[in-house]
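In what follows, subunit A forms one complex with subunit B and a second complex with subunit C.
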Partner chain A sequence: MVLLIVGALALLAGLMILSGASPLGSLVTLLKGSLGTPAAISGTLRETTPLLILGLAVFLALRAGLFNIGAEGQFLLGAVACTWVNLRIPGFGGLILGTLAGAIAGALWALPAGLIKAYRNGHEVITTIMLNSVAVYLTTALVAGPMKDPKQDSPTTADLVAGSRLPWLYDHAPVQLSSALLLGLILTALVALWLRKTVAGYELQAVGASPGAAKYAGIDNRRVVLAAMCSSGAIAGIAGVVQVLAYEGRFYAGISPGYGFDALGVALLAGGSAWGVIPASLLFGVLAKGGTSLQLDEVPKGITTVVLGLIILVAAALRYRKVSTDV
Partner chain B sequence: MFELLTLTIVLSAPLILGAMGGFTSERSGVINIGLEGMMLMSACVTALAAAKFGPVGAVGLGIASATVLSLLHWLATQVYRIDHVISGMAINAIGAGGTNFLYGKLSDPSHNGSISHVPVALFSWLAFFVPVILWAYARWTRGGLRMLAVGSDPDKARLMGVQPLRVRFFGLLATGLFTGLAGSQLLAYTGNFTDNMTAGRGYIALAALILGGWRPVPAFLACLAFGFFSALRIQLQGTALMGAQLPSEAWASLPYLVTIIALAGFLGKNRTPAGLGKP
Partner chain C sequence: MTGITKRFGAVTALDRVDLQVASGTLHAVVGENGAGKTTLMRILYGVFGPDEGTVKLSNDQVRSFKTSRDAIAAGIGMVSQHYGIIPALSCLQNLILGAEGGAILDIRSAETRAQTLATRMGFEFDWHQDASTLSPAGAQKLEILKLLWREAKIMILDEPTAMLSPADSDALFQSMRKLASEGATVILVTHRLPEVMDHCSRVTVLRGGKLIETKDVADTDAKRLAALIIGSSSASAAPPSDAIAPPAEIGAPMLELKDLVVRGVRGEDALKQVNLNVRAGELLGIAGVDGSGQRELFQSILGLVRAKEGQILLGGQDSTKLKAIDRIRLGLRAIPEDRHEEAVIEEWSLEQNSALGLQRLEPLSTKGLVNTSARADWAAKVAAKFNTKHGGLKLPMGSLSGGNQQRFVAGRAIESQPKLILAFQPARGLDIRGTADVYAAIRERCREGAAAIVVSFDLDELIENCDRIVAMNHGRIHQPSANESRDRDAIGRLMVGAV
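This part shows the complex of A and B:
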């Protein structure tokens, strides 16, 4: 295990030295750019918000033993559905109805994967990857066609009115703090409570820990798989809603720079409790925000994606080890 | 018409080579969603090496880079026993991020990194022969039968004295070779490297493999079908079809939709290798 971690670090340092960048200097740039000033911290928190909620979505599915790689697609569908409703019903009513629409759209986009897993035993990873691609094409077509703002040249919807957006908690640019982050924390608490204190949450985790034992105990595995997949999709949909209502204020093609993938890393790092999603998403937020400063320093941003990949490998290896010593 | 045919072949070739890489991996029991990252890495390294090492060296280094990622997948899934899907995602991240980083740092502006002297037709010929060779290999040779045995039931194979660890090593070595060729073909066809230039082709190759029931020749036909639809999309761009103008996105999502329908069991029986993902 130590070998794996040392190997990952050596690979990273080797890659940087090979291309003439200083590993230590880059680390300093990354930390300064993400945590150095109040403005940088607020930017990091902005990056953290979608990762927190999406991480929660993937985490929930992971507790039921499902890999929801489809969070990306559910995020897009949630965002586009919410924008569609909000453009028609502005104001507070639109905010509520839009959130609801986003959650439902996310859940529906996860449903085929859940059904195929429960009734045909088709791997959810394959179906969700396919659904992600379809979601990208579908939302791009929507935003380039029927939902496009005629006044704009690029494929984007019109801006939402201020009244139907999530309010800022603190708004003195460049330091801004959105209520979206608070919403994310509340969702985390809800998921944690649901998993810990309710029968449904217990059943979900039982199926994840041992499908055979759960079946023997009288739990309907298929129903649990469906429920887990759909709730995970609904939360991912809400992440899309929040991104539109709190930060973007509109929907456009390419609104997600691959949040869905990062969310898998967040969920894996989170460990066994929903609360673990908070520090994990913060770490990924730091990498995302710091990556932009690296780019200004002429270190291509891709290096942070490599770091994420290596973190995922090491975290997964540690996780397996933990499981094997428990049993 | 002839144009459509040649375009189909050129667009199918990377899918076919990618799917064959998926075949040697998945039929030995290793789930491989990392095909995308391997193809991308090979395309990038081929482009970077083209100026210094000539076309043959560039393709060789491209294959070597894809093989490094492929063997990393072997190490992670077989030695460290990480879930195959997670390792595959990590491979894709390393491929996407690593190529962005390497190309951003090392690309030489005076040379556009094309390997124009390597004829694209060479890859097309390979793409037509490899599936048949793999089919014969899996059916009639000792190594091929061992691969299928490990992929179907690693525990029984172990009892028979076949080491899954070893068989899968060679399976993934072949995956590196084929995905590496697929990446080089993409570069040879498009002429220069751009960020994320595989654009989901690794996933489509995997989809074709699944549609083909994890068999090389049907997977090859599925790739040809996907390639044909992409070619049709390019040829029909802007023209109305049967009175209605379909957005190009509808064509682009077709392979994915067909795969979902196939996985839902509407296209015949489930042929998933029984030992897929088992240690």
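This part shows the complex of A and C:
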């Protein structure tokens, strides 16, 4: 993993030279911008939070052999459902109910993909991609129409009241640390333990590793596929909830810069253990935050996306380098 | 091949093994699981290189092949235990795959050449059919044609008859002998001594990675070969002669099938009004050529496919609509047909694999939580049952040889307090001793009051080991008459539907 990061950074340097910037200088800018100051670190952790929870969602589905490309859409639905509830029920009750609503909305958004996969063997990649498009336009329509704050020009809801937001653990501007990150870490631990310690987790991974062997082990593959897809959707929905309640305080069109897609990389990079999602999302967070600083140096932000792509490719190559040579 | 040595880590798989094969002969390589047969063949085929030793072909070429591509170029071909046929491609596409002879396909001339090859071998293929429609025997024939297509001079066949009916096996050996008479060299890796005695001219015995002896088949017999394979010290591992004596008492019915109809994958009735009773204490053998409905029979008893009509009673209780996991709770255990796809998860550890199918039973889990320490103990017990050779219970299942995986799978089913064991070719990939051990253990469970159903394509294996044998043909079960219950020919006739 460490080697990988070094390798990717080296490739990044090469690309910098190509784009006419000083690699070393840019690297310094990137690291300074993401980890150099307490404020930068808190910004990086803010970027890390949705990536962590979404990465976990994709990771869980991946353990069941499902590629949930739909995390982006489930995130949006979770965020919008939570905002809707919180605008009506402010305060602590709204926080709890909003979280529930977000999780349920995410799960429901994953449900059709799960049903089609389990009962008609339609590929989840196709269905979730299509559901993403529906989710983007549906949520945009909602905040441009019924949920729009009439006082605003842009498509956005009104701000939530402070009482229904997730509390800060540390709040002395410019350094802020949200309880959302803690929530993400707790979720990660829960998923890791659930996969390791419960029979249901064992069965889910059996289905992912070998549907045939799972069937002969008395496991109902369809039910597991459905449950895994909906759980993954629920976690992605919670990521949307957290983004609204911890950081944004409202829902607006374009709330996600594509977290759901970065989460695919996070989950792939995480390897075989849920704990791996933590360093993977942190790496993505560093690059996302540092990339913004790079932009100020007039290095295209897209370059960090290139790096992420490279990292994922190298990770995949390393992971699958050993293929059993069964003649 | 001279002085071949190969080590995998600390394990020496081959220790200075010599093998000379004369051209134009059928040469058998025999030995127990883990004796080094497959490793030796893989070195010849260039899957990996030897640590020491040389490979020499007839034209005085001294080399060990770095890759299979080199080996193929030198005229060596191999058919492994798992066929390399791609179901979605047509027979012709499969045949020429990897040896298309240019960037642009010339389908017409390819078909002409394919037809010539097939006619020469006495095979028949519908070239444009999907390969998925092929029977195992057809797939095996296509694999052999693939070698001929590549103009292989030396053909390595690893357990070629494991999936074939006796008639298909005989046909296969006839074509092999024909090839040998035309100058090809065939190396046969097998566990089945009758094949060696009937068809091969020379035989090499390996044991524990060492060369024991190479002999003319004419100078030996099956008994002496078996002794060489097992080693004299443990020759007593052969089943005792009273093993097939009927069990002391036949008890209550464990399984009753009443007019069972089950749909096959293509929507046809794969089981047609099947009636079958198996009672406690009974070891029932089901004979039949592959594809006679054995698969659907097992899947319906296990609860993996739904019965269209009829009833399934387990231990007297109507279980037709019971879920698979609940049938496991009633004591149903399976040794599935396809080890890779149905019985183990190769990337998982032995410990994780030991719980497959039993994951919801005590003590492996309580109240939905996995009990890892109980699982570790259990895995050790499963591995010990048939002496599975492994480097550690935490290592992936894929690190074991096929035979050792099969031992583990059999141990898992037999040791887990079964009431009814369904075993599909339980001895597949096992050597003589492993086969005897597995059957002995199944019989022991039957004596303790369980029942077992064994499907095998090897009729002799069933006659040797089962209390009662029925034959399956086209989705129906035929009972041999009382005075022919162990008559090889009579059962053979039932298998092909000549009632």
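One rule holds in what follows: the second predicted complex is superposed on the first by the 306 of 327 C-alpha atoms of A that agree within 3 Å, B and C clash if a C-alpha of one lies under 4 Å from a C-alpha of the other, contacts with A are read in each partner's own complex, and residues count from 1 in each chain.
As a convention for this text, contacts are C-beta pairs under 8 Å (C-beta built on N, C-alpha and C of every residue); 3 or more make two chains touch, one makes a residue touch a chain.
From a predicted model like this one, the values you see are computed outputs, not experimental measurements.
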Three-chain arrangement built on subunit A, subunit B and subunit C clash or fit: clash
Subunit B versus subunit C as contact partner of A:A162, first or second or both or neither: neither
Contacts of A:L138 with subunit B and subunit C, given as first, second, both or neither: first
First (subunit B), second (subunit C), both or neither touched by A:I69: first
Per-residue contact with subunit A, leading partner among subunit C and subunit B: B
Contacts of A:L190 with subunit B and subunit C, given as first, second, both or neither: neither
First, second, both or neither for A:A13, with subunit B first and subunit C second: neither
Common interface residues of subunit A - those touching subunit B in one complex and subunit C in the other: 324
Of subunit A, residues touching subunit C in the complex: 196-203, 206, 209-210, 212-213, 215-220, 324-327
Residues of subunit A defined as touching subunit B within the complex: 4, 15, 19-21, 67, 69, 112, 115-116, 120-123, 125-127, 129-131, 133-134, 137-138, 140-141, 144-145, 261, 264, 268, 299-310, 312-313, 316-317, 320, 324
Subunit C residues within the subunit A interface of the complex: 42, 45, 47-48, 68, 78, 80, 82, 158, 302-304, 323-325, 327-328, 334, 336, 338, 341-348, 352, 355-357, 359-360, 365, 368-370, 398
Subunit B to subunit A touching residues, read off their complex: 31, 33, 76, 80-83, 85-87, 89-94, 96-106, 200, 203, 206-207, 210, 247, 249-250, 252-253, 256-257, 259-260, 263-265, 270, 272
